[in-house]
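Accompanying notes for the structure given below.
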Amino acid sequence: MRPSGRNLSQMRPISIETGVMRHAEGSCLIRCGDTHVLCSASIEDNPPRFLKGTGLGWVTAEYGMLPRATNTRNRREAAQGKQSGRTQEIQRLIGRSLRAGVDRVALGERQITIDCDVIQADGGTRCASITGGWVALRLAVNKLLASGALTTDPIVDHVAAVSCGIYAGQPIVDLDYPEDSEAGTDGNFVLTGSNRLIEVQMSAEGATFSRDEMSKLLDLAEGGIAELVAAQKAALA
Amino acid sequence: MRPSGRNLSQMRPISIETGVMRHAEGSCLIRCGDTHVLCSASIEDNPPRFLKGTGLGWVTAEYGMLPRATNTRNRREAAQGKQSGRTQEIQRLIGRSLRAGVDRVALGERQITIDCDVIQADGGTRCASITGGWVALRLAVNKLLASGALTTDPIVDHVAAVSCGIYAGQPIVDLDYPEDSEAGTDGNFVLTGSNRLIEVQMSAEGATFSRDEMSKLLDLAEGGIAELVAAQKAALA
Amino acid sequence: MRPSGRNLSQMRPISIETGVMRHAEGSCLIRCGDTHVLCSASIEDNPPRFLKGTGLGWVTAEYGMLPRATNTRNRREAAQGKQSGRTQEIQRLIGRSLRAGVDRVALGERQITIDCDVIQADGGTRCASITGGWVALRLAVNKLLASGALTTDPIVDHVAAVSCGIYAGQPIVDLDYPEDSEAGTDGNFVLTGSNRLIEVQMSAEGATFSRDEMSKLLDLAEGGIAELVAAQKAALA
Amino acid sequence: MRPSGRNLSQMRPISIETGVMRHAEGSCLIRCGDTHVLCSASIEDNPPRFLKGTGLGWVTAEYGMLPRATNTRNRREAAQGKQSGRTQEIQRLIGRSLRAGVDRVALGERQITIDCDVIQADGGTRCASITGGWVALRLAVNKLLASGALTTDPIVDHVAAVSCGIYAGQPIVDLDYPEDSEAGTDGNFVLTGSNRLIEVQMSAEGATFSRDEMSKLLDLAEGGIAELVAAQKAALA
Amino acid sequence: MRPSGRNLSQMRPISIETGVMRHAEGSCLIRCGDTHVLCSASIEDNPPRFLKGTGLGWVTAEYGMLPRATNTRNRREAAQGKQSGRTQEIQRLIGRSLRAGVDRVALGERQITIDCDVIQADGGTRCASITGGWVALRLAVNKLLASGALTTDPIVDHVAAVSCGIYAGQPIVDLDYPEDSEAGTDGNFVLTGSNRLIEVQMSAEGATFSRDEMSKLLDLAEGGIAELVAAQKAALA
Amino acid sequence: MRPSGRNLSQMRPISIETGVMRHAEGSCLIRCGDTHVLCSASIEDNPPRFLKGTGLGWVTAEYGMLPRATNTRNRREAAQGKQSGRTQEIQRLIGRSLRAGVDRVALGERQITIDCDVIQADGGTRCASITGGWVALRLAVNKLLASGALTTDPIVDHVAAVSCGIYAGQPIVDLDYPEDSEAGTDGNFVLTGSNRLIEVQMSAEGATFSRDEMSKLLDLAEGGIAELVAAQKAALA
């Protein structure tokens, strides 16, 4: 029933290649089917101004998409002179999600910026950014631990994200672009490696939904996240 | 236990005063406790460009906050030269939520813009904007029906929104600012008058949450929405 | 002869309601006929940078208009990414006018920002902003005096403003929108409570004018200002 | 008593050199003492959009200042990414003033843009821009009359401007920078060649003023304008 | 003598991988040592407005760099709200260079946009963008020829670019970042496949240079371009 | 053969008038035929932030063009809200060229800003800006030497610039606008007073060029620069 031929709970093939940007403290290229995102982590010794003197660290994120990542060319945001509302919403979500998996006291007064740049898009770019962004963050923190700059690991748990939606009346997981553009309801679930919820964003684009459907989507999300966390572990092994 | 002394499922007093802006096709001032939002609806006979020739209408929203709506003065966004990411996220949410309650074929090729301007803020401004924005929309559509410009009512159901969160380990509804700034988890629920879900946005700012907690928050939301829909009906009566 | 039926020297009904914004150090809602402006005063302990170390204080103003304050919706300046020339001109006028009524040595190194937001417009919004802005300023300074932060009152006199113009060949006072858009000459007078001039801005939009006409407009202004100052006093009593 | 040694009603030397920019339809370099402004007039066959089909023409103005026109270098507005409030206020004044001397029906559906660029500043740049801008406008209209594009002269009268103020308690005319920065009250008068008022902008920067002082300033302005109009005539002869 | 151990006329290893972005009409990933650039070509059926009705086509380019392509993170241009002068200079150069190798009459009224996004930077990113951009352009034009949209090949010749400079007193080719940041003179040569010059940009950052040195740099450039053109041919074979 | 009737190696008449802006530390008006540029030098005692504590000085440049310097009016960059890519490219070239003639250690921790504003344009504005900008710089440095602020002259040599191109198949020097807009190849040479190269920027706008042509253009440039340096010397004598 799905355009891709996948069954309702079937994820796309996931691949995470680490160490792809030689200058970054951590980096990976995550591929969820035809959605490809380059993620890098950059460590700065100074936290943002509002945290000076608090002893707390910060994790933030920026998101971009190459103009021809999509089927028709999008205008470059740098040329337009501003980031769209969509871009800002996505990068706020990525930053918030990753911070939820970090002990900011243990991180200390430093900032780690996660850049997520979509090289190729086929739905689910924000979820891939979170899942890949966590791997880049993990690698950067490993470097701080290895160098002795940190002695306690500030990373509390894995963080991964997956999209779910109701397509042709059926709950499905990991929507690709054709599914995403047709789904009546869709959204994203961000979970920890131990199945705790970080973010739930479910939205009726075309048709409202029931609590029962919401519950089924959560079941699907839990299954998808398990696969993503396994892929994170494999990539870091 | 709540700073305000309310019990866990208790909403703040709601008041909706209609017809407060003489030029607008529909308007109201909604007060949810100390959160006050002016909502107006403006009808344009032309739809946005991407809908020309489709027969479909559009409902969109803009959101703003007076600089001194809050405890300390915020910089005016017009003076800063751009809307913050938070503002854009909120106005996208309001527009999306209200569109979910409208039959865009029945609306026809016109656009209704809902302006939500926060006069005074004490938490929950986006929810008040959705609940009050729906009343302004309803009044503007009534005008189109009264004039004969529309013969079928494009409004399918009430739309209202309420915040919920976990405060001091307890699920509560309709957070005010002191609660909002301390809650480990919080978010917003947008529902129809018949209890269907439009948007669920739950976010772990400080502590992750479980499916069970999610479910309790939904219970609280349903109770709050019922009160808000009753207030909408009373205001329009 | 006037569209409103008023006689040449007749002001619109004036109402000033104080304390309308709970967070602001001073606030009021001023209504001059159908022109309604929310005014708030915000105190900052630091003066702007160019006054550091001079012992002088500063009063400044910002002005905005809700998109649907007018008959047809205006684009939101925050969304356009800049304040119009008109807005900047108005807020410079408000700030300059209010400073003329303040002893900046007595105020000391602090800044008071007056925000004037037009909720509904029917001509004369900048004059209402000055008259109402002065009330907000007065209330904020009262707070500083009450708390002992100030021991000498830095406010020298009342400041109020009224528009005048030549409409259908006749000098009139306090133009509403239909009059304003037809007047050949119009402008604004800002005066103190003791009838001293602060600002005179008279402009020939359609027809040049004579010194004699200028003098008659000043007579009308003096009458109008007397009513406005009385309303300020009543509101503060 | 004046820093320059001039008496109270004495203007600075005025020189207007025409034809200084070979590409412009009209141009001049106006020198009022050490204030030097390059003025050009550019004719466009299309009026601005809001006048399409009305049969009316438009005169507008833009104003700029070279970064080192002043004693210390100012940041270039093009580099800052926006025109200051002061710049916008000035160019709106220039355009409004020049339009007041033009019959827009006779001008027909075309636009004339007056660019006023301050090469060197010593007070009174906006007045010099109006006086010089009118000469550039006159020359451009002469070209339209000479070519037969216009058969009726749309220029109704001369337009010129002069600053006045109260300096050390005395009313003076044509303030230079040292006077301007010390004056308690100052402003600008725009008059026609036949002594009709176009704009009166008087502002209390440091000390409020009386109607009697206002009247004396107007007397001074009339004397100054007479000299400026004579200089315009000489330059065009 | 070179930090990299290369001899004076030795290029870095070149690799060009085509077809790396599934949505683009043409794409490649070019690697010149540690400088990696993703290049895509997007065809639009409409030319830019200034070419409407002329029968001529257009080739243009945009350039970007991922924030962490470099040793320390650069601010994202989209977040800063504008493209730097350096970015604009580079994308103008890429567009101009590629147009020099195209018969714009044969291309017809369409536009091809080349996006060059630097994934990793180690000197010479603008040259790699031109060399890789040409491959993406060639592939997109091949598609137009294959589909019959074009019947005459508008591409006249190969276009490739290489940097040269004087490092430690010696002329060298294909500077990497350590060489680039130390070179007294450096610049870029853009040549056709038949050794004709398209662009010469040589600049004394630290030390002026002689005509004789200029000539030696050109010799080196010709050698480097031959290798680059060979790599282009191999990638397309 | 040239539209102007000049022979291939003939420069336009050059005039350099110094001391034209009374506030600037150095200034001149340079005229190369009908291209007129006002150049000023402004000294600041603080270097830009990236040089604090290095002991090095900085020379930078800004470039602008009056809207009606050209045949048809250009939009004012300050009104558009940004400097064009062309403007940025030009001002980067001017700054880089002038720095190449300065010993930044001898200059010490100060910044000199060269403003180049084109009053009238007929081709070659960036070259005239460099040649005239150097005179303004020389005058400002003379002032520092005269006041004893500097004891060693940081200016190493003259810097001047000229355009060359291939027009109707012939190499020519100092292109005016009609030549510039028709030339197949054109560019700019910046040289020192002792014939050393600072910048070579040659570009094939319409037709690629050979090394032999490049060499002939350099011959022409050397002749032109000699005339420009002589004019600099005469202006300063």
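We just call them A, B, C, D, E and F in the order they show up, numbering each chain from 1.
Following the convention adopted for this analysis, a residue touches a chain if its C-beta (ideal position, glycine included) is under 8 Å from a C-beta of that chain, and two chains touch if they have at least 3 such contacts.
On a predicted model such as this, the values are computed, not experimentally measured, just so you know.
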Chains touching both chain B and chain D: C
Any chain that touches chain C and chain B: none
Copies chain A and chain E touch via same or different residues, half shared test: same
Cα-centroid distance, chain D relative to chain F, in whole angstrom: 33
Inter-centroid spacing, chain E versus chain D (mean Cα positions, whole Å): 51
Centre-to-centre distance between chain D and chain A (centres being mean Cα positions), rounded to whole Å: 59
Sites on chain E at which at least two other chains make contact: 81-82
Chain order around the ring, beginning at chain E and proceeding next to chain F: E, F, D, C, B, A
Chain A-touching residues of chain B, taken from the complex the two chains share: 82, 85-86, 88-89, 91-92, 96, 100, 187, 192, 196-205, 208-211, 214, 218
Chain A residues touching chain E - in the complex, by the definition given at the top: 21-24, 27, 34, 38, 40, 42, 44, 62, 64, 66-73, 76-83, 87, 113, 115, 117, 119-120
